[in-house]
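I have a structure here, written as structure tokens, and I will follow up with some questions on it.
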Amino acid sequence: MVKLALLGAGRIGNIHGRNVLLNPEAELVALYDPYQPNADQLSKVLGCEQMTPQQMFADPTIDGVLVCSATDTHADLIEQAVAAGKHVFCEKPIDLSLPRVQEVVAKIKASKIISMLAFNRRFDANFAALQQRIAAGEIGEVEMVSVISKDPSPPPVEYIKVSGGLFRDMTIHDFDMARFLLGEEVVDVSAQASCLVDAAISDAGDVDTALVMMRTASGKLAQISNSRRASFGYDQRFEVHGSKGMLTATNVNEHTLTSYTEAGVTRAKPLHFFLERYEQAYRSELAGFISALNGADLVLPSMDDGYQALRLAEAAILSVQQGRSVAVSEIGLADVQPNRE
Amino acid sequence: MVKLALLGAGRIGNIHGRNVLLNPEAELVALYDPYQPNADQLSKVLGCEQMTPQQMFADPTIDGVLVCSATDTHADLIEQAVAAGKHVFCEKPIDLSLPRVQEVVAKIKASKIISMLAFNRRFDANFAALQQRIAAGEIGEVEMVSVISKDPSPPPVEYIKVSGGLFRDMTIHDFDMARFLLGEEVVDVSAQASCLVDAAISDAGDVDTALVMMRTASGKLAQISNSRRASFGYDQRFEVHGSKGMLTATNVNEHTLTSYTEAGVTRAKPLHFFLERYEQAYRSELAGFISALNGADLVLPSMDDGYQALRLAEAAILSVQQGRSVAVSEIGLADVQPNRE
Amino acid sequence: MVKLALLGAGRIGNIHGRNVLLNPEAELVALYDPYQPNADQLSKVLGCEQMTPQQMFADPTIDGVLVCSATDTHADLIEQAVAAGKHVFCEKPIDLSLPRVQEVVAKIKASKIISMLAFNRRFDANFAALQQRIAAGEIGEVEMVSVISKDPSPPPVEYIKVSGGLFRDMTIHDFDMARFLLGEEVVDVSAQASCLVDAAISDAGDVDTALVMMRTASGKLAQISNSRRASFGYDQRFEVHGSKGMLTATNVNEHTLTSYTEAGVTRAKPLHFFLERYEQAYRSELAGFISALNGADLVLPSMDDGYQALRLAEAAILSVQQGRSVAVSEIGLADVQPNRE
Amino acid sequence: MVKLALLGAGRIGNIHGRNVLLNPEAELVALYDPYQPNADQLSKVLGCEQMTPQQMFADPTIDGVLVCSATDTHADLIEQAVAAGKHVFCEKPIDLSLPRVQEVVAKIKASKIISMLAFNRRFDANFAALQQRIAAGEIGEVEMVSVISKDPSPPPVEYIKVSGGLFRDMTIHDFDMARFLLGEEVVDVSAQASCLVDAAISDAGDVDTALVMMRTASGKLAQISNSRRASFGYDQRFEVHGSKGMLTATNVNEHTLTSYTEAGVTRAKPLHFFLERYEQAYRSELAGFISALNGADLVLPSMDDGYQALRLAEAAILSVQQGRSVAVSEIGLADVQPNRE
């Protein structure tokens, strides 16, 4: 039985904490949140005690920590976990600064802990099956990957101001999925972006609508389309075109009813947003981490996957700024070396 | 917190027992199964003690029982529960004998217990929404209900021999759903049936493929098509045609992927069978029972609904035997009176 | 080059007449309509002369006639064509009286002319492919055929009064398609019917909503659902369930657009009615007749197919009247003998 | 009755020539093809005489010409038609050289003839409805247009060598449709391209797989994905995302059948290629031209539309060559002035 501690009792901490309860192979022994009402409420629901991070890292009975705290604390907490020899499950992002992420990844690589960056979409049963069928050669060689990714409505501008911007905050998932489905590293990135949804987003220095094109060394292509607003709900689709055919993954809808009336034929909208859409994926990603701690030999999204996705985001930002295709090799290091301290 | 006891620890007892665990408003305090290995295994999983039915009915702390035992014990157990003043949740059927069901319903009606016959489909979120939208008048007056209901493969012939036959065992769900969606009682039933899937089913005196037509007093029509075998999976669909349009509920599929190749465009099959298909419905039906015990004012499928569905099954059987349309009024009592013992 | 003459210049005469123009293997040499404006208008459009039926039958250069006149003239015109040795393409029905149809079929069978009853649905490319794939064994043995057939709105009551009623006028197509898809003759028919759409239809002695169940000697089952009104358009679908799977044919829709908005996901309605829906089928059925006249070895829907479909309609009517399953053998002759005059 | 002459009796000349026959408002009086067997065969089918282009341009009874000849003759023939005062319907492209197209457009603008560049997709009923519904504001402001456009298989390399390359030959349609749907001129173009389908295409100096991103002055975005090979057929889809929703146009499929078997649920593939897919569009585009000649006030795709689409193609080519976003203003003239000779 794996013993876990939870750092952060906000919305995402609630999800992961409750999912530990549903998993028979793990136990949540402690949680921490600097906002005491959150900590009190969730520790009561989960029936676990409260500890400070220092206590968690010092407690020899705790096997791993779930980093679900504010974004700007992730990197420090991961480093402390590494230092304490605790396994780490971390909500994305590691950090919004590429050099900082590079440092963290270097330390992770030098350590023996099991770590995972929680790119939840890889664990959606549909998308996981999509990647497996592609990898099994069902459509021959992958040639073009299309990622359609739109949120139902933009987050508050206050959030946007600290989010790192559309490419680092939202497209980051799409960059990861593009890498996951391409099966090959991207070498060139171009992007175009606009602020069409809300002028306040532009005032905050960000964009809300964007396109990205990418190319791998062997010439495979990928495209991403993003909007912060889709009035019909959360739009999360993939199309992968290969030499022998195409595989698509469509949205998951609210229900299976269709209405046929004089006005037309109407079916359900997509599930509204990520909490509904990725409910199963959240359970599965945590189950993957727990299984790995129990000795299973699984390929989990790594801290390095987080680093590589962030490189693509940085390349896209540079492409928009400079109106040119950006070589990923211009951004950071292709291969972060282990930090031998 | 409602306290429940479980009678029967087989497949369906496992489902309901585990669902009590997931429900924060109820507690499973005891279970019983005459087959000791089942009882031992499930009581360990659920962390509850073992009691005999007599002990359960005598225990003043137990609010209600879940009857998940062998079909031929249901009626007796319900009667004992009524006598003991325990609320009853019962897996279908109450009994395969219409007069026996009539007796049980009469006793239930004379009592003050809360009871529910577990017609799980009414609790499928899609079908529940279908009924609500119809009742809200979205397609005007209901005129024709079509129920398509096919199992992926027939049960063992040993099961079929004790099942009561296709109409009482399988179509019973469709009769209930037809009543649920029509919103009016059926007055005439016609049926045609064949044995096309497996000759052993015919040897056992049963059929495996059937059609039913029904008519209400106001002239609304309903049809059911059944097969014990659908090579592509569990086929459970509804079409309701009304004066202002049509509402359909399609199957729930295994995934959202579609493959486009030279061979064609292929998507997922329906979920294989009832355990996958009605996983959510099983949780919801038990939640409904528990809510009712906690005082919620809910319309649950009643023991009388079980009786009325069985009347339709008996009418269908008679129709096949005699090659004629059978008036439901020929079968049993339209309105079972409370048994004032 | 086949030379044809057209009897009847109303709506359906217009369709077939214009389709002769589009067919490079036939020429329309003459037409007749007792209503002179219709005859004048269409003969001008088609650039052909006007003749009386007597002149047509006497003209040795005319190979065949297209009977598109009023229903009550069909049988006489077919008999005259047979007597004159002219090939006959006849709009359904042959006649509304079963004995009269029997006489006509007997004369056709005794003759050497090529004849065809224009059951247009057999020539819809989708439905023709459906039948071919079933016949090729794609879903194993056929076990259940479901025909869904609803008109967008009822015809004028004046039409209904002379139509022969729902079963002879509308369901007749569905009876033919059921026979076509079953690949085996029906032996038992049950039906239920109501008047739900318009009380004036009931006043005219007819019904507007109906269900039919049928059974073949080997136990295959078929069901039909009919309504004279579907607010969303012409609803013409088939489901054929076999031992190895299911084949369905859905509606043809107005366009391929889908709208995703806050209100839902809306796509096109089915094509509104038979003129749009069966535009291609009308061309193909006439092309089939013309090809046969040019020597092609084709299986066309025969006058006997019309007779057999009418037997099923008569059986359905009797079933509704008497509340019982009707053996088709009770109705007319199983096998009409050639009339050796 | 409009009198037309046809220049070119190859595959596309056959299509347009036969469509004149089907149009009651026009007459084809003459055709020309330098390859005599083609000219003889088609003039026989269409029942028209043969003339040289010089004779056509000199014949005062001829209202307009259909330019369906080899690509490298289009520009000269259009200029001759302008000089002779004949209306011109021209298959795309006008020419592969942007300056040459500029000259032709200048002459057209200075003339009073009616001219049309045959961008057939604008006349597909689905795509025309898509544009109309967008223009009517159904999805609010257009924000992102996605064009998916893949051929079933690449043309012969001999064709590719003279085609002008993927962007000028194939993507040109997508550029036109993007302009049509955006409702605003593109200002920036980026593209990425690969040769993944056939190395012989690369040897011929071309690519077979490409992505394009575009941006308008107001920030609307558009993306195109192209492949010369889609094993499942011709893939021609549009998605338009707006401030109030999304409109999509999917492929037109071969039939409406779906097969449900143990292997999965399989439906029809898209219509194989442009001849089947755009059969109706070819008829409609010619009908549009003929209606315009008969005085209808229609917006037809103009020679200038051809010029603007070619500018986007040139920008895309430059973007691939230089790895940068290209301003459309760098390419040719934004507004071709009438050539006042």
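Observations, loosely collected:
In this document, chain identifiers A, B, C and D correspond to the written order of the chains, with residue numbering beginning at 1 in each.
Methods note: a residue touches a chain if its C-beta (ideal position, glycine included) is under 8 Å from a C-beta of that chain, and two chains touch if they have at least 3 such contacts.
The structure displayed is predicted, hence computed values, not measured ones.
By number of C-beta pairs in contact, B-C leads when B-C and A-C are compared.
With every chain reduced to the mean of its CA atoms, the largest distance from subunit D is reached by B.
Two copies of one sequence, subunit A and subunit B, touch each other mainly through matching residues, since over half of the numbers at the interface are common to both. Averaged C-alpha coordinates put the centre of subunit B at 42 Å from the centre of subunit C.
In this assembly, the C-alpha centroid of subunit A lies 59 Å from the C-alpha centroid of subunit C.
The multi-chain contact residues of subunit D, meaning those touching 2 or more other chains, are 230-232, 244-246, 260-262.
Of all residues in subunit D, only 125-126, 129-130, 133, 138-139, 244-252, 255-262 touch subunit C in the complex they form. By the touch criterion given at the top, residues 230-232, 253, 260-269 of subunit C touch subunit A in their complex. Interface residues of subunit A, counted against subunit D in their complex, comprise 141, 143-144, 146, 148, 150, 188, 190-197, 209-211, 213-215, 219-221, 223, 225, 227, 229-232, 235, 239, 241, 243-246, 323-325.
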